[in-house]
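Structure incoming, see below.
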């Protein structure tokens, strides 16, 4: 089939390649003319035969919103827009409504895979009407990994990004689990070769997982991670997961602890611990460490 | 080689079978005469030719301690005792000392694998002197999974159970991660088929793992887990992990949250929440739910 | 001075009484004619001489928004509206803008005090322009407790409710602190009279506080809180506190733990713990408690 | 009455002064001859008339244990030893047993008050037999604050230190509550004078407390706590509180979060966050901050 693809960065570029390898036609547009197949969104739309499928793969937020706005003006009833970026699921509702008013379908699609996706395939979680999803299915089939898994139509518009958001929340806590275990092993005098312990866990254990494999790779590069700072960004989905949980009154202690550990990792000094130190000083004459 | 195996419950019985399949001789003793090969620990020791290896696979705590005490009297210098049970690593130090005073070697070995071990092999984490571990190595090789992983000599006496303990701590937080994510998806109106979302994650995602596969199996049995109560035991290692972290001043928020969630799951009613309700009632005239 | 007061429920009614005791004139409006001084918002506005101060004390959300909308139409430039309800601080920005466009001032005011406020005074945290706050100051002075404390002009519009929100977040964690300590004492065999321990802490300790006094009162009514269920509502501010922290990347582990404990207290059964039980069952043949 | 007091550091010295002000005779011993009234434990015991009361106020652990050992040899049946130090309650059991075998009574006493105790009195939580506590009561009455509160006989031997331990656990979470709230206010753009907000809360609020008063004092010294590092020690009781909770399967999320925040505050760099950064780097090509 024919696909319009907007956004040809690292992720979008690799996805174009994987879709083409599956025998489909991809017309790509990007603000960077060096990687684009056409020189405007309009040219992209004009190149495609109706009914069109246009996949948006640009940064979440303003860039995605303005791209969808433009497409709402350019596309025709019966066309379908896919948002494959890291949009918040609540944005999908608004985007779907705007496009729906013009008779254009909308499918939101959470995409997992990172730098490994081109080779191994991308896990896809999508939301939208059955008929709209069906129009995109050949592209989903091209992008997903071999085998029975890696694609799900999770529900109505927003469900794809919601599912991807929760995936990332789980990922936060799994990473934190390995991180805490590793820190404890490194701190102990008992275990003399922590890396080999991690390596051994890759088979026969309850915790065998791709993240564990990656941890072993990282330790093979740098046994005690001496080259890294204990500084971790968060990318939005972790925050949204906790916010969704708060809205639904769902307790999420491990995922939230993982998010807060990242927040704390980015502080040069902890304001709250200054207050604790100040209080200890006030009531107890406890020694505090002054600057 | 020849191995004495004490304790032929579900776990020990399967291990005997796997070791025998690898061509070794196993003399098993258990209090239950129906499963035992010999009728006493003494008979077991007498049957084996020195230098002997005796693997203890009985409940941690008093049962393991008394078995090791008896073996200290029955065995000879140069023999080796392996504790493959779920002992606390701090107990290993005492057991190793007692046996060492008689010239008997000691190896502690954390064993992971559960009901899947007979078929897939057991992950083994052991601690002890190089020479003692070497005497047991053929048995370790028989028990471990195929391939490069699943066995590690983690350090001195205690290191094996320490590593296994941390493995279980990580396992707690990973289980909690999937559990929280599942609860959030089930609570949302967006995602209409939570089980299919979990199923799809088995390929192409960052969170693909054996635990995820097991979650899908569980959901295939009982889509919304309606047959289960939200009640989870803990088996010791989670508590010991947190206690080791406290000793070493290592923050372990996600693993500890996972442990506390299990504690709370076993309370019919939460005493602390009674106090919160009482306080709200005192200061605010907030409605509280009385019995 | 003269004040219009909209909303004469438990809180508003007591506040009218306290302001009148200080010698001010209060014209109160409520949908319930039995407690109202006038029969409409318009009558209330007409009764007051310009420049007017109208204090809105109705439920946060839709009721507050519609009252402010009506007042925007009824009031004149130079008048001031105070929102003393439990509004989210982000709503204040919108309300202030709408009133400001008509030349009407706006002050948001977080009010603490509950059923004790009539007698002891209300703690007030307000936000808004200096000139607008000044117009309300005699009422603030009437409402606040005796002495040097209990009133603050915290910053621009929204700052009052923001400060009140954080107050409540702190309150959540303080309540949780006493609740956890009480549960631990009740669970131990060592301490035989937990209530007397709590009582004794009211003097000479680091934790002496009004909440502790209230805990002792509650225990005097019901020594082991047997009459209560461990079920605690949350009223919005706790959630907003955590959401504000997430927006600002501030780690808030104790306050969030307190919020999640309340969420969990309201679940008949924990879905996440069902999943943990299911996973334990899958990998270990661990006994799970079935319904 | 007559009291022997062992340990005349900052705490013990002030306590001697307060007891003397109440009209009692105190014979003090300390390794430092400049502050001691007698030059040996033996001299202290010889100076007192039987039945004696000897209060031990030395560092918990080895120093307390060896002092109690010595006193067990020096004292006579009917005498009473009080341990007023920060001993772990589990040590009390052993100390009481050792003294009891010689007919010497034992009372454990948790003491709160810090540098404020001389002036305001010390909160006392004690454990032991009724008859032994009665022998010490005049000293307890001298040390405790004026009024109805500040002293409790909490139960059998160990109950005093157990109650004090829980007091400190509660204190950890209360300090963390104020610290988190303060950090959030400081991080926000809304509230322009955080110190004045804290000051205002001292009357009319739910969170009014001595710790809040101390926070205001600290902020008056150093408005943004710029002179302090976000570095907080922990003194044992917090750890023991969490360990006791783990033994009793009591969930303690807020207190534990407070303890872990202190652990984290003392790390130059977080090992667990290095692992999180390493994993992010492996799967996503996410930018990590290298040293």
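When the chains are written out, they are named A, B, C and D in that same order, and each has its own residue count from 1.
Operating definition for what follows: a contact is a pair of C-beta atoms (placed from the backbone, for glycine too) under 8 Å apart; a residue touches a chain by one contact, two chains touch by 3 or more.
Source: prediction; values computed, not measured.
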Same-residue or different-residue interface between chain A and chain D, half as cut-off: same
Taking each chain's C-alpha mean as its centre, the one farthest from chain A: D
Gap in Å, rounded to a whole number, between the CA centres of chain D and chain B: 37
Inter-chain centre distance, chain B versus chain C - centres from mean C-alpha coordinates, in Å: 47
Whole-Å gap between the CA centroids of chain A and chain B: 33
Contacts with 2+ other chains: residues of chain D: 114, 176, 178, 180, 183, 187, 206, 210-211, 250-253, 257, 260-261, 264, 272, 283
Chain contact graph, described as a line, ring, star, complete graph or other shape: complete
Complex contact set, residues of chain C against chain A: 206, 234, 239, 242-243, 246, 249-253, 256-257, 259-261, 263-264, 266, 272, 283
Of all residues in chain D, those that touch chain C in their complex: 89, 112-114, 117, 120-125, 127, 144-156, 158-159, 162-163, 166-174, 176-178, 180-181, 183-185, 187-188, 190-193, 196-197, 199-212, 241, 244-245, 248, 250-255, 257-258, 260-261
Residue ranges of chain D in contact with chain A within the complex: 10, 114-116, 175-176, 178-180, 182-183, 186-187, 210-211, 214-215, 217-219, 222, 225-233, 235, 253, 261-262, 264-265, 267, 269-291
